Amino acid sequence: MSVPNKNKIINDPLHGFLTIPTGLIYDLIQHPYFQRLRRIRQLGMSEWVYPGATHTRFHHALGAMNLMLMAMDTLRKKGIEISDEEYQATAIAILLHDIGHGPYSHTLEHTLIQEVQHEEISINIMNKLNKEFNGEMDLAIKIFQDKYVVKPFLSQLISGQLDMDRLDYLLRDSFYTGVSEGIVGGERIINMLNVSDGNLVVEEKGIYSVEKFLVARRLMYWQVYLHKTVIAADALLISILNRARELAHVGHSLGSYHPLLHFLLNDISRENFDDEALQLFLALDDIDIMSSVKLWQFHEDKILSTLSQSLINRNLPKVLISKEPMSETNIEDAVYLTIEKLKITENDARRYFIKYGLLENHAYKSEGGGIRIMNKHGQVYDVAEISDNYNLAALKETVKKYYLIKWVK
Amino acid sequence: MSVPNKNKIINDPLHGFLTIPTGLIYDLIQHPYFQRLRRIRQLGMSEWVYPGATHTRFHHALGAMNLMLMAMDTLRKKGIEISDEEYQATAIAILLHDIGHGPYSHTLEHTLIQEVQHEEISINIMNKLNKEFNGEMDLAIKIFQDKYVVKPFLSQLISGQLDMDRLDYLLRDSFYTGVSEGIVGGERIINMLNVSDGNLVVEEKGIYSVEKFLVARRLMYWQVYLHKTVIAADALLISILNRARELAHVGHSLGSYHPLLHFLLNDISRENFDDEALQLFLALDDIDIMSSVKLWQFHEDKILSTLSQSLINRNLPKVLISKEPMSETNIEDAVYLTIEKLKITENDARRYFIKYGLLENHAYKSEGGGIRIMNKHGQVYDVAEISDNYNLAALKETVKKYYLIKWVK
Amino acid sequence: MSVPNKNKIINDPLHGFLTIPTGLIYDLIQHPYFQRLRRIRQLGMSEWVYPGATHTRFHHALGAMNLMLMAMDTLRKKGIEISDEEYQATAIAILLHDIGHGPYSHTLEHTLIQEVQHEEISINIMNKLNKEFNGEMDLAIKIFQDKYVVKPFLSQLISGQLDMDRLDYLLRDSFYTGVSEGIVGGERIINMLNVSDGNLVVEEKGIYSVEKFLVARRLMYWQVYLHKTVIAADALLISILNRARELAHVGHSLGSYHPLLHFLLNDISRENFDDEALQLFLALDDIDIMSSVKLWQFHEDKILSTLSQSLINRNLPKVLISKEPMSETNIEDAVYLTIEKLKITENDARRYFIKYGLLENHAYKSEGGGIRIMNKHGQVYDVAEISDNYNLAALKETVKKYYLIKWVK
Amino acid sequence: MSVPNKNKIINDPLHGFLTIPTGLIYDLIQHPYFQRLRRIRQLGMSEWVYPGATHTRFHHALGAMNLMLMAMDTLRKKGIEISDEEYQATAIAILLHDIGHGPYSHTLEHTLIQEVQHEEISINIMNKLNKEFNGEMDLAIKIFQDKYVVKPFLSQLISGQLDMDRLDYLLRDSFYTGVSEGIVGGERIINMLNVSDGNLVVEEKGIYSVEKFLVARRLMYWQVYLHKTVIAADALLISILNRARELAHVGHSLGSYHPLLHFLLNDISRENFDDEALQLFLALDDIDIMSSVKLWQFHEDKILSTLSQSLINRNLPKVLISKEPMSETNIEDAVYLTIEKLKITENDARRYFIKYGLLENHAYKSEGGGIRIMNKHGQVYDVAEISDNYNLAALKETVKKYYLIKWVK
């Protein structure tokens, strides 16, 4: 291991102080690839609704690592063996779990790059870093990919129905938006973690905290992640990028930063996501998108400038939410009113302005590894089975809503 | 109205500052009947499990009044008319809603006095105060009794499925126990209140806060109000009082404070709960119970002293919780092991030591006035109907658990 | 060491969760001597002003131990050696640092027992417990008495200008009173602790947190500990006990709990504070005082009943605060007006009603071991010397105020 | 007044909910000039040290308005007359008090525009808005400029030693950085406000809160606003802009957004800050600066690219802080080591790399209107006079420190 730099602490209004446990981790945090996360907002367009939600993936990654250290410390105190090497590797794996996120994360995930998921890009970047650090991250990558079969609980702490990533983002997003519905007893849940047969379990007395966690996650989806104004802003940004891409393809000048232009001019898929593309991807962040949108407010293309001005000045389109799919009539009305009001073609109205679709909220999935509860006799059950209430069964159902983005009231 | 004393503020770690809106309210707070609530804990025996839960009914009553003032201010801003007289009366009604609580409130509600509910006693005391204050509380009493038919929403704010009493106690009990599961968005809920057809409603966009409120209440029942160690301590205190009463009836000296002795020596029911009894009742608080229990640690009656020592030194009996009713065998085993261990008669074991029964947790009742949600077209629905999820339907179900208090492991 | 019981956690709204590190500590917490602290309020009469301040010495002791564990964990991470035995002993020493407090702690410290400080009683009780636990507490007692010369920093963490006791009580009293002036960055201060030459030091970058701590302490003195209404309530309670003692000495019946009567009937000083007295002392708590005061409301002695009713119904005397000593005239006026109003003798007025004196607030003492700051070159200075501001020098000055308790406005 | 839109609420994790009192204020918030503040960070470069400090001037402006509404509500309850028109005007004045801030606010205040203070620009923009709103802001502008002689306290609430701006930013910066030293009892201070002779005063019992406020402000200066790493990042950004300006003047292409180029190519002073300049200024925000710096990482000019890469990758220069002015030797050493390491000319080293100067922290100024304390007899004193302690006198002293930014250790 590298030389530790134990005194380094970073303030976090949420968890208090974030400590950096080893020198290697310190070096990774200092690396430009990780520093780049300072310029990617955790919640993308949500700040248009919740002005406090300007927090970054950088802070979330550090926070999730902090919870991970607490979780591993707790497990060690309960007699679960975690070697120093495993400890550091697991910390690195969660620290870098979001390193593959691009600008405006989820919003643009399939707009800038067509098929490649951010998890794949994360692995690419980890491999790149691993070379730079002479293989010191081998174990971290193995754990991140859930290939460390000796101790599956380490991977489960990174990605599962109740992992340190989710715990940090629920608490953090709740804190910064001011939506108290997302507050969960993070410390309590961590105190209740244990390991049975190599798998992560929660001790039975923690069952109410788990239920609270699932309900909180469900409420945060409706109130923040799928808030109707956030849906509108997301759709607007996607339309802007799609229009810009189209204009670029037919030879219009866009005046943007070179790395962004690369992704607008080329269709990047898994096949041609080569090292050059990755290098350019790593130069991108929220600033490049927003500075382009600011510029495009004055673009000669009327559609691009209209959309861009709407975003910058926060003249967001109206959104209709319904439990039933939108009727044909509803959609056609929206299209024609928009054509009339904005004086655009039907084709453009359908491509860039009127959007509709499905929102799904699935609070808890038990298939493929749900949340395991261990009773005091050491028996392990799925949480939805053992719970004394009818709520958790309900949380397994997917709730569906339908949205229609209209430009007129 | 009396002369206002507007500058008076009282610190509350939960709500910040509590203000006292009128002179009459100030005088009521200063009254010995209200000051007595300083000596009655809000959560009775819960402090045996949650050492921070030493907060009092005095503080809760002030806090609930504070939320009530906020709620009325919000409604006024929305154009709902509330006269100054109604404003003060509603504030008084909630301030005094718990004035009829005796020592260890719910724990001893049917032990000290057999049939009279604390709500009835509250009304008795309010009437007594009303005489003292020359009828200035007429309207307050009317609203408290839900007889103010012109504006039923005022009574609904005091007592209903979503009232200021519940809102304050959930937040306060959560704050002082440190159980974060009870935290709800109180300010948000209050901001979403409105009135339709004279009835209290919540605007539709507040629906998730209402759901959170109901889930939080349900979790607080399991984690705090019905916590198994609290059940044990409650049962122990009841046994102590029952034993003392029995000894008193056969002429034993108990050495307690006269007003407490009165309730131990006499069976007080609705018929003989006269003015003298009320006066003695108003002299009682938690201190009288606990000082007697301290004394009884050294009583010559072995059962009384054993039970009393157990409570004071926190040697609490074990409790078994199960989703199924306890089997005969289980109960009989507990009885015989206790007889053997404590060298007592079977009769005494059954009367004072072994207790079993049912715990019910009913998060939401829609019958007789549930929570009404108003959509933006002004239509009103019951919350369980309109909610887009399956949770609220589940919260209408009563969850049952069974307990058995044993003295041996 | 005893068998650990590592899973035991206690909720604390302030620090989150309190863990119990070893089996011996668990047994000490369960001991009736320690459980007794549940019945002694941390802030005595302050709840008459701050209704939330009902927290107990029990909770404070656990909280201070929790901070101590954090402090020792931090020091260990910085390479300071603390053996498991020292770790447990230091935790025990702080856990029991207040075990010698009697009912209403500071208020009655010199009223119930004349000359013996609570620290001496604490040591007596620790010795008693040590016998029961077969000498397992030897090292804890040594550290508590500052006799562990090998590692003086352990004792300094228990008692000094910046110890874990003060850190917990400032934070806790601030939390429960709702007086935000006392909030300090506890976690930050602990993170900055280090050891130089065996002595506790704070790293230089923590200097502002130390300054904040000293200012906060000073403000808490004026706003809470020396609040004028608290002064009045304290004086009232002392008068009540003094009057009761006097009546007892001349043969009046007081009807109180035997252990309390013992201390009223006898003058307990260092000489006759024998094992029997200690045993009786350990049976006393706040309940005994308050139940007696309740009883004495109806005592035939008019002075005792007047004083007692004043306390129970919170008719507290008026207090005058001034930067100058009270003038003779002021005092004489107060005496004569009280005589007239209450129809008592001059002697009684002076003995029980009119009180005056000096309040001192001394935020920081550097003599005999102040707060040591270590710069990055390892040099150590007193905080008042190195600070870049003039504030800390000012905090070394004792601020004096004078009070006069009057019964008339 | 415009039609009210009273139901509009905005979440604020700090104050709970922010309400918008009138329709005119709603329209101002929706205006592009105000929405622009969403893209200007409140604390500029501080996020390089405190990753949570990504909050914006938009949020601060709304928060300060919220405190202002609370303050005016409190004063009205105390009988101070504030008409509805004055109420709205004062709210507007504080809402727009920072509207004239440019990108990276204080950091670039004298770099982008040479002589014009942000307050002057604020007035320009308010006048522009006032035209658009047909003079509805006349009174607001009068109050902002402290020209409303009838009720000077309204202007004092906006700008003074204890105004709603300072109160919000201390609380907000503390909240988002996680530096607890800045927490003050905002609600308590507001509750203690009053008016005497037309001037804002604090009631005497609020004196400790005022002292806490002044100490907190002083500590926030050292720990956040003047944190040495923030000083370094600020200086780096200024050097980047200065170098870019110089290159622009000699004809280099910079590739930036047109409005920014305008300010780099022209020297904008009070004389030529015309309407066109103002319009361009209003198109600028943090994004334009940071997107340029990202671009300039690859600029052919080595100095510009070196500085830009340092900032983006957070390779910040070292900073030395001292109570004494830096010695010549110290400075010369820094210069020559930098020349050697970076291979640059002495002139460039002195211009862009080595910076030194003075930091001043002046917690309290009594000249020209300090904080007035009113005792219960209605007499008014300056806070530093009446305080019973030596601290406040100390806070009047300016504390000076000296810094030297070096590029080598």
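Each chain gets a letter, A, B, C and D, in the order it is written, and its residues are counted from 1.
As a convention for this text, a contact is a pair of C-beta atoms (placed from the backbone, for glycine too) under 8 Å apart; a residue touches a chain by one contact, two chains touch by 3 or more.
Not measured: the values here are computed from a predicted model.
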item: B-C compared against B-D, more contacting pairs; value: B-C
item: Per Cα centroids, the chain farthest from subunit C; value: A
item: Subunit B-subunit C separation of Cα centroids, rounded to whole Å; value: 32
item: Between subunit A and subunit B, centroid-to-centroid distance (C-alpha), Å; value: 43
item: Centroid spacing, where centroids are CA-atom means, of subunit B and subunit D in whole angstrom; value: 49
item: Multi-partner residues of subunit B (at least 2 other chains); value: 16, 179, 188
item: Residues of subunit D touching subunit A in the complex; value: 10-14, 16, 30, 32, 35, 38-39, 47, 50-52, 54-56, 58-59, 62, 175-179, 257, 283, 287-288, 290-291, 294-295, 312-314
item: Subunit C residues touching subunit A - in the complex, by the definition given at the top; value: 6-7, 9, 16-17, 77-78, 187-188, 191
item: Subunit D-touching residues of subunit C, taken from the complex the two chains share; value: 179-181, 183-185, 188, 208-209, 211-212, 215, 218-219, 222-223, 323, 388-391, 393-395, 397, 399, 401
